[in-house]
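Which chain is which? They are A, B, C and D, in the order written, and residues in each are numbered from 1.
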Amino acid sequence: MAMFMPLAQAVSENLKNGDSAAFEGFTHLIPTAAAHEAIRQGFRDLTLIRMTPDLIYDQMIGMGMVRKMVFSYVGNPGVGLLRRARDAIENGYPRDLEIEEHSHAGMANAYEAGAAGLPFAAFRGYLGAELARVTPTIKSVTCPFTGEVLAAVPALRPDVSFIHAQKADRKGNVLVEGIVGVQKEAVLAAKRAVVTVEEVVDDFDDLHPNLCVLPSWTITAIAVVPGGAHPSYAHGHYVRDNAAYVAWDEIAADRERFAAWMQENVIEATPEDFAGRVKHLRKAA
Amino acid sequence: MSGNGNTQAFTPGEMMTIAASRALKGEDVCFVGIGAPSAACNVARLTHAPDITLIYESGTIGTAPDVLPLSIGDGELCDTAVTTVPVPEMFRYWLQGGRVSIGFLGAAQLDRFGNINTTVIGDYAHPKTRLPGGGGAPEIASSAGEIYITMAQSKRGMVDKIDFYTSFGHGEGGDHRQRLGITTAGPTLLITDLAIWKPDPVTKEFTVVSLHPGVTRQQVADTCGWTVRFAEELAETPAPTELELKTLRDLQARTKAAHAAAN
Amino acid sequence: MAMFMPLAQAVSENLKNGDSAAFEGFTHLIPTAAAHEAIRQGFRDLTLIRMTPDLIYDQMIGMGMVRKMVFSYVGNPGVGLLRRARDAIENGYPRDLEIEEHSHAGMANAYEAGAAGLPFAAFRGYLGAELARVTPTIKSVTCPFTGEVLAAVPALRPDVSFIHAQKADRKGNVLVEGIVGVQKEAVLAAKRAVVTVEEVVDDFDDLHPNLCVLPSWTITAIAVVPGGAHPSYAHGHYVRDNAAYVAWDEIAADRERFAAWMQENVIEATPEDFAGRVKHLRKAA
Amino acid sequence: MSGNGNTQAFTPGEMMTIAASRALKGEDVCFVGIGAPSAACNVARLTHAPDITLIYESGTIGTAPDVLPLSIGDGELCDTAVTTVPVPEMFRYWLQGGRVSIGFLGAAQLDRFGNINTTVIGDYAHPKTRLPGGGGAPEIASSAGEIYITMAQSKRGMVDKIDFYTSFGHGEGGDHRQRLGITTAGPTLLITDLAIWKPDPVTKEFTVVSLHPGVTRQQVADTCGWTVRFAEELAETPAPTELELKTLRDLQARTKAAHAAAN
C-alpha cells in the first residue's frame, strides 16, 4: 500500500548503495526530482537501468555514483550526445562505467518480462546486429513449433524503480497519462516503487476505466513534487523545456562547469524548487 | 535564405528533405526517426500524402504534428495521435507485428550496403567516440517492410567499413539478409543532400540513380568514402516545387517559433 | 483501410468455408450480429477460435457449421454448460467436433503472440495440469538464463476476426471501451478484421490519448449494427440481458426447440433486429 | 427463509459463504471465481475487510460491485474498478506476475489433495459429461499465493479420484508441488457447506478442522467420497453474525432485483 511521504524520506527508505535502480520515463515524465534527491543523498555503486538515459543519468554518472548502466539509447534527446556519460565510457572519468547495452525492443521486452514475472523475454531482434556479439545477456531461444531462432534477454527486475506521474488519489492510486513509455512495466517489475506526482486529487471516480492507473498496493511510496519532471514535461500540466536540453549540451561538455552547475542547481536545491522551474511552461501545456 | 517567392534557391539540406518526402506514399505506415526523417515525413503528410500514418517509437500512432518535435516523445506527437500506446506494445504489436511499411533512419556511419553505425567510433570496448547507440534501429532495420536512409554526405559518414553494425542493411551484399533469415527488404533508398541512391538488384550496393539539380558526379564522389557507382541512366532530381519548399520552410518556422515560445 | 459496408457484405467478403475465425468478446461486446449473419450465410467447416465460446458458438456448432473449436472455457457465463457444444462433443451431433483446449492464460498469450508477430508464446503455465497431456499444441521452452522450463503455445493467427465495438469515426478508426478482453489482440493477430459498431461519430478528437483505439488501417470492414452485441452488453450503451442467458439454457437443451428458435430468431431475422432487442436495456446502461 | 431479524436461522449455503468470507483479510489481493467465491469475497469487503482488492479475470482490478455479477465480466465490475486492463495483461502482469495473494476457486470434482476437475466427467476424448473447462484456473492454481476452495459437499463432487486434473492442488500429496517446481502454497483452505478443512502439514490431505453449527461428523463423512480425516481438536465454526447474514442477504436481494430490473 503506497505511503505518502516527503521525497527525501521516500528516496532514503527505498534506495541503497549498490542497488539496481530504474528512473524511467520515455522523453515524457522523467523523474528528475527523484534523481536529484538521490544525488543529494550521495548514493554510490548504483546500477542504473533505463531505455533512454538522458540528463539525470548524465548527472549521476558525472557525480561518480554509477558503477554500471543498462540502456538502449544514451543520448540527449533531440540534441546529441551525453557528455558526462561519454567521459566515463571513453576516459573512465570520474570512474569507470560498465555498460550493458540493448536495443529499445530488447529493453522494452525485458521490462515486460519483469512485470510478467517471467525469467526472460523472446522476440525477433538483433538480426545481423552487433549488439548480440558484445552484450553477453543477449542469447537465443528456439521456437518449439517453427524452429525459428529468436533473441532472448533476461527479465529486468530493478531493486527500485522511480517514476513521475500526473496524479495520485488519496488512497495512493496513481494515474499516468499521455506517452506512458515503460513506466507501468518498470513499477511492476521492481521490488520497490517510488512515484513522484504533480498533484493529489480526492478520488479517481470520474476516470475512464481503461486509463493507465497503478493501484496503490503496487507502489511503495508517493511524494508530491509539482514540476518534478522538469526539464521534461507532464502532459496536461506543463510543456517540455527544450532550451534546458540544448543548454545541457554545453554545461556537460566541461567537467568544471558541470560541477558548478550541479552544486548550484542540485546540491544546494530542494524538491520545492521544481515548481518554480516549470512556472513559465505551464501556460503552454 | 528566406523562402518567400524565391523557389529557385534552396539548400542541399532542403533538397534532401524534399526528395525524401516524395518517396513516401499516402498508404505508407512510417516509423519515423528524429531529425531529417521527421521533417521529410511531415512534408509528405502536408503535401502529396495527407493520409500517411506516422509512428514515433514513443508509442504515438498516426500523429500529425503542427510543429516538428525536438525529441521522439514531445507532447505534440501525443496530442495529435490517433492513439498512444505503451512502448513495449509499440515494439511488439506494431513494429515486430509487421505493421510498419517504411522505417526511416539516419546514420552516423553508413556503408555501401546500407549497414548503419550509430553506436561507437573506434573499438566497442574502448571507443574513440561513444555515440548514442541503436535505440529502436536494430529491430526497425529487420521488421519494417523497407528502410529509407537519409543523411548529408561526408567522407567521415559514408565509409568503406563501419566500426559497428548497429543495424543491419544488406550486410556484405547479395542475399546476405535472406541467409540470416530476414524476410523484409531492408534498405531500398538512400537520399543524401546530393543524390538519390538505390541498391543494385543483385549486389545490393547503393548506386546513384539521380543527381540533385546542379550536383556533379565529382561532388558525389568527393564526399563519399567508397568508390561510387552510378546508374547507366542517371536522372536529375526535380527541383523542389514552390509548394514543397513553402511547406518545409513554414514547418520549420512554426517549429522554431514554438520551441522558442515555450521557453 | 477500413471500408464501411452492410454487415451481409462484410461477412460474405471476409469469411470463407474452412476458415479459422475468431468472434471475440470477453463477456462484454460479443459480436452476436456478425455470428448470426455468418449463420444465415451458411458457412461450413469453420475452425472457431475463442477464449470463452458462449451462445454464438453454441449456435454455430448446433447448426453444423463447425469442424473444430479452439477455446479455454466452453460455458454459458454465469449459468452453466453449453448444451449444443456438449451434444457435439459427447454425441457427435449434428457432426463431430474436434477440440483444441487451452487455459485462459494459454489463449491470451497465444493471441498476444499473434498480435506481436511471434511464432509462439512462453509463459508459466499448465504446471501439473492435465491439458498439457491432451492438447498437442502445448509444448515447452527452456529459459536460456535460468533453466526454468516454461509452457509454450503457438501464436493464434485467425484468418478473420470479428469484434463488436462502441464507436467508429468517419475515417474508420474504432474505439473499444470498458472490458476490452482480447479484442485488440484478436484484430491485430488476424489476416482480416471485421468490426460491428454501435454508432459512427465524426471524429475522435476529444478522446483521451491512452484509450483502446484500433486505427482504420488495421481493420478490413466496419458495419454499423446498433445492439449488435445483444444479449451481451456494450459499456455505455446498454446492459447485459442476463435473462436471455438464463433462457438459452432451456432453448439449447432440446434439439428441436433449438432448431425452431434459430429459424425464428436468426435465419428469419436481420441485423436491423438487434436495435429493438436492446431497447429495454438502454435505460439501465 | 427470509432474513429479517431471524439471525439464528441460516442455510448451509449461507454458512459456507460467510465462513469463506471470514478467511479473507483486508490486505489480500483476491482473484475471484464466479458463484460462491464471488459472494464470499464481496461479503468480506462489505464487513471486516473493506480494503480487500478483488480481481476478476475479465481484467477488472479493485472492483467493488454493489450487486453480484452473473458473469465474470458484468458491467458493474468495470464501473466500480480502480482500473480495467486487457485480458492478456491480466494473466501476464497481474496473475503470473505474482501479485495475487488468494485465488478463490470452485470445483465440479475435488479430491482430498485439493486437485480440481472442471473439464470432463469420464474420459477426455469420449466424455460422459463435457464441463466448461479450466478457464483461468490452471494458472490461478500455480500462480496465486494460496488457493481457497469452496463447494457444497456431495459424493459426486468430493471424490476419491478425479477424472481430470484441470488444476493442480497438492497432486499426490506431500511435496508433490515442490517436485514440479511450483513455488506457491496451493490449496490451504476448503470451505464446504458443512465444515472447514485444512491440509495436513505433511501429507497435505484435507482434514476437517471445524464443523459448522449443528453439523455432525457423520454428515460430513456421508457426503464425501473419500474417507474423511478429522483434526484431533475439532472446533465449531461460529454461527453467522447478524451483520454477516444481513450483508449477504442484502447483497443477494440487490443482485436479484438488479438482474430482474434490467430485463
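The rule is short, and it goes like this: a contact is a pair of C-beta atoms (placed from the backbone, for glycine too) under 8 Å apart; a residue touches a chain by one contact, two chains touch by 3 or more.
It should be emphasised that the depicted structure is a prediction, and the values quoted were computed from it without experimental measurement.
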State the pair with the higher C-beta contact count; candidates are B-C and C-D.
C-D
Taking the mean of the CA coordinates per chain, how far is chain B from chain D in Å?
58
Intercentroid distance (Cα basis), chain D paired with chain A, Å:
41
CA centre of chain C versus CA centre of chain D: separation in Å?
28
Would you mind listing the residues of chain D that make contact with two or more other chains?
78, 84, 92, 96, 143
Counting only residues that touch at least 2 other chains, which ones in chain C make the list?
112, 116-118, 123-124, 148, 178, 180, 184-185, 209-212, 235
Pairs of chains found to touch, sorted by chain label
A-B, A-C, A-D, B-C, C-D
For the complex, give me every residue of chain B touching chain C.
27, 29, 53, 61-62, 78-79, 81-85, 92-93, 96-99, 143
Which positions of chain C touch chain D when the two form their complex?
26-28, 51-52, 71-75, 77-82, 85-86, 89-90, 101, 103-105, 108-109, 111-112, 123-131, 134, 148-149, 178-182, 184-185, 212, 233, 235, 239-243, 245, 280-281, 284-285
Could you pull out which chain D residues touch chain C in their complex?
34, 57-60, 69-75, 77-78, 84, 86-88, 90-92, 95-96, 119, 124-125, 127-139, 141-143, 164-168, 171, 176-177, 180-182, 259, 261-263
Where on chain C is chain B touching in the complex?
1, 112, 115-118, 173, 184-185, 188, 204, 209-213, 215, 217-218
The chain C residues in contact with chain A across the complex are 116-120, 122-124, 137, 139-146, 148, 150, 152, 154, 177-178, 180, 208-212, 235
